[in-house]
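Chains: A, B, C, D and E, in written order; residue numbering restarts at 1 for each.
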């Protein structure tokens, strides 16, 4: 049962921030509401005030400029999935979206809402980490930037202080000879990830050496994480199957998975060991083609 | 969901026991405990607040010492019911102390946490992770307290 | 407390006062009186409540009614033109794409939205289009066959 | 040769073993009490039956029934 | 055979347009004037004494009209095995003790659902938790807590089936295998949850709209529990949003709505939430299986011995039947000359396990078909061949149990063999597994203790020639109304659109046991056919007299044309004859009555259907994840009445049974189901659904209407076994417990690797 609340529909970011400042802890932000409404129906979240930012058109956009592509926080998953710019520049992001929940959820749910929900099994965050994205957070006293990999703090907790709102996601232009991929392991195709892996590989000019690599993992820690030690195994080297295997083993040591009804802790570790090499190899193949 | 473990520290057993049983030591280790008040020498009542992302749970919490065997064994039962009826939370903690060589004591603990009601059925994924964490934090707090007070 | 909701359902304008907590599906079923839209879960998982909102498929149990302010909603009751069933409705009949029928309104809305957006989907795209809807009876393949038949032009739109 | 249940008079015209199956299978209080009155423990006979292959649980009861429940045709 | 004019044609379900336009009314949609909404308070404890229930605070809440507890009931215990009072063990609203998490303790009626839900939080229940037991293997220990008073070792029922001399036969075997398996639970997940609108009037009569598979059972069980006359209770089943075995016992929504309505004389509607549906309704029975199988070198199987211990949950429900059927179908579809089965149903402090599509047979088929593949491998025999060697044939008698008339198992095996050959060499990590099955067409044993015929129907022809069929059968989506209307139309010689069905309404329909045990087509069909035949006879008599035809001619009706069989052009319009016949009968509509109760058909069922299924999987050996690539089924169900319906049953069964094999499970912690939502309970969606091919085999069942038999539940039996065997063929690991998850496959692969390494050393 959903408790009664008061509903505000600010038309601008400024209005929204003012409302947040006014109601503080007693209010929650809703946009697509695909996650929040489930919690409210269970009676687990019962805010007195709801600030509905779905109607803030200034936050819904996909812009391509010299710093990269900028996605407004209230842009729906579906808009990201279908965007020509994103398909061209970051195909991995569009591919990830096609596997995120269902069409209905993607039509109404937003990428910003997903990132702010802080679900360690969410799909966009690992991909955004692999793409080295930055978030712009707006507050009463102006805006600040934060790398997406630092944004999630704990299970369902993100680095948003009272009165702050996520405004924008910026993805830097991909360096030449870069390939990125994402996969999630699950039992049912459209389901949340049991383990997810995003990888991005950048090759040096001509020599086939791995100049840069970013590996992000989902559902194996309280937040999506970047497997930095595993990256180190590969960075600056010519990637071989043996190195990939090692990277997988190392990545597993960086996780702290839990056992739940879908998979045991040990199995999640094994999945990381199997999927990190596989996905990195795929990213490498894409980088070679790029 | 059970958490078990043990640690050793340099302290006399009686002192360890006395500290453990001192009013408020155990309850103050409960993460998120607020305004815990003693009802009698074995029972405390208060509010425990827990937060999992957007979910804030406020529990009316009672902790009772149910088994006492000084200076070796104590069992504490915690029972919390969520304000608003979202469920109940129980925590059973057992601490066993024994002397080991070299003036050290070994503190063995087990903490079994369970959730009943709507809280429990909602999102197994979230709650299990969180409950494990609460249990772990409780033990961590206890160890920190004991070590900082006695293990110097 | 109640706020005004102005929207169109199957072409008909409505002005209704609702509590902010009211879900779109509740307005449609309880206030507008269109019970074709069903509810099968409370976790946005089953798709039985799927309707079209400004042409897109959404789960009406996961949309606040007030968020539909100013939009046009189409429910299963809006598919037929008078006495003429829509191509998908006829294809569902011919292919046995329903059994108990409880998921059928949602399935029809998901596939109608799919074909509105992409009139020539591949088989995989059809499967993706209805993946948010659970059918416990048919095993989906009969639904995929029906949508495929419409894509192939076997069912003409009624005039 | 047939056998008659001492409790409910059901007749088995197969064997004492068959009647033993009936008595244990029926398992209501009256049947249980009769079995127990013969020095068995009903639950032990059951346990014997579900813990091993070979139908052992029925056999010892059948021996008793062979003597006590035989009906001459 | 092909001269049928209705049967075997591809038709729209007769309620199809209502379903595709959303105009069909389900109980979920029923709104009555002055109606209240109910909610049920459930036990959070798996086993506890109820010390006190204080409803005062709840009653004071504005909008609450009534709060009831067990004290407001007659305190009776219900059970569907009415012949055995000790098996009627469920109070529904518990008075003294709760036995599982979800047991109902109180119910509220209020002006809306929100208020009722709010009131639940204001009911204070004082429990004294008792020690609880969750696993049947623990519950049968001497020191386990006793769940029902006087039930030793918590054994609810035990069943024994035996023929031949098993012990002697094992001594003659060349090879014996003993294997252990574990079958998991499964939820029905009907899209419409259990719901009821109960309206008790000041006239003392109760009217109920409810989503159900058997209006007659619900009516009778209400009569028992409320101490009312059957005839004062009218149960109407409108469209039902799925049943699958979950909706033919009196449930908490139905009972609480009636109790509340009795108190208030106002209609009360209760719709279970999805969470209640998962935790507080019944589910498929988990089973521990111990199998011993003996064969000669040539693959002839001489003896089988089976022991089963099932997790019963808190109450008996239909669990007794599941226990019996899993034992009987463990011998299927093979000719074991010697067979012994011991089954135990054990009470546990978990949600009650009961009927679900397949009813014990999906479990026995999974374990049996897995073991036969292992036996075939041990003996070096092809899996299809070993099944052929031992498979049932027409006119086979299962010793002392059942008589099988039609049986197309061998043709099915041939077809599946062809399919596998055609598939040729498979890509790496692909495997095809085979599984054979059989199932019944309705049960015979009358545990419900009904004095009525198992099926009955009334057919009435109106003045315009349109036909009304009244039958107590229930259409829960399986399309029985369409099938029965087709049978009626064929028999009577009219078109399908001439027939109108009135079903599942105890106020106007003759009693029928309902839609479970795959009984509607055969039993309901025979009753409808008989009633239609009686009408037809009257029309033919009238026509013969009117036309004055020579006595040597036979008359028949086909496609609305009453004619001479040998000179079909000589005849009259059916519509004209109906008009005149009614006028000639002093204005009384033409009526026919039909009924069916099986006689001299053994103890189990009047007829059995058979089939063989081949599942192809592709396994990722690095993760254990596998995909269902294709499921091909060769099956026979006698004459196909409604081909579209059969395809739907088959593909739908693969979704459900594939889920049972692949992903569906109800893991528990201390009796608490951990995945009580569709988000957490994994079931097959469109992207996970394999390609499905159907190979129809022609058979004719003399006992069935027009030669038809079941095609609904049997199809749920083979898939889990076929998947298990396919995984084995693909990567060489055998999984002994359901569901066959990627993690289990992965662990088995690791274990196999370890063993191989060890062997090398």
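Of note:
Here, a contact is a pair of C-beta atoms (placed from the backbone, for glycine too) under 8 Å apart; a residue touches a chain by one contact, two chains touch by 3 or more.
For clarity, every value in this text was computed on a predicted model and none was experimentally measured.
If you take subunit B and subunit E together, the chains in touch with both are A. Traced through touching neighbours, the fewest hops from subunit B to subunit C number 2.
Chain pair with the highest count of contacting C-beta pairs: C-E. Comparing mean CA positions across the assembly, the chain most remote from subunit B is D. Here the chain at the heart of the structure, going by C-alpha means, is E. Taking the CA centroid of subunit C as reference, the farthest chain centroid is that of D.
Centroid to centroid, with C-alpha atoms defining each point, subunit A and subunit B lie 35 Å apart. Rounded to a whole number, the gap between the C-alpha centres of subunit A and subunit E is 44 angstrom. Centre-to-centre separation of subunit A and subunit C, using mean CA positions: 29 Å. Our note on geometry: subunit C versus subunit D, Cα centroid distance of 62 Å, whole angstroms. Multi-chain contact residues of subunit B (touching two or more other chains) are listed as 84-85, 124-125.
Shared interface positions of subunit D, defined as residues touching 2 or more other chains, are absent.
Residue positions of subunit E touching 2 or more other chains: 275, 674-675, 677, 679-680, 683, 685, 687.
In this structure, the chains touch in the following pairs: A-B, A-C, A-E, B-E, C-E, D-E.
The touching residues of subunit A, when paired with subunit C in their complex, are 2-7, 9, 30, 33-34, 37-38, 40-42, 50, 52, 54, 78, 98, 101-105, 107-108, 189-190.
If you check the complex, the residues on subunit A that touch subunit B are 28, 36, 39, 42-46, 117-118, 121, 154-157, 222, 258, 260-262. The residues of subunit C lying in touch with subunit E in their complex are 29, 34-46, 48, 75-77, 79-80, 85, 89, 92-96, 98-105, 108, 127-128, 130-131, 133-144.
Every residue of subunit B that touches subunit E in the complex is listed here, in rising order: 84-85, 87-88, 114, 116-117, 120-121, 123-125.
Put simply, subunit A touches subunit E in their complex at residues 1, 38, 185, 187-191, 261, 263-264, 267, 270-271, 274-275, 278.
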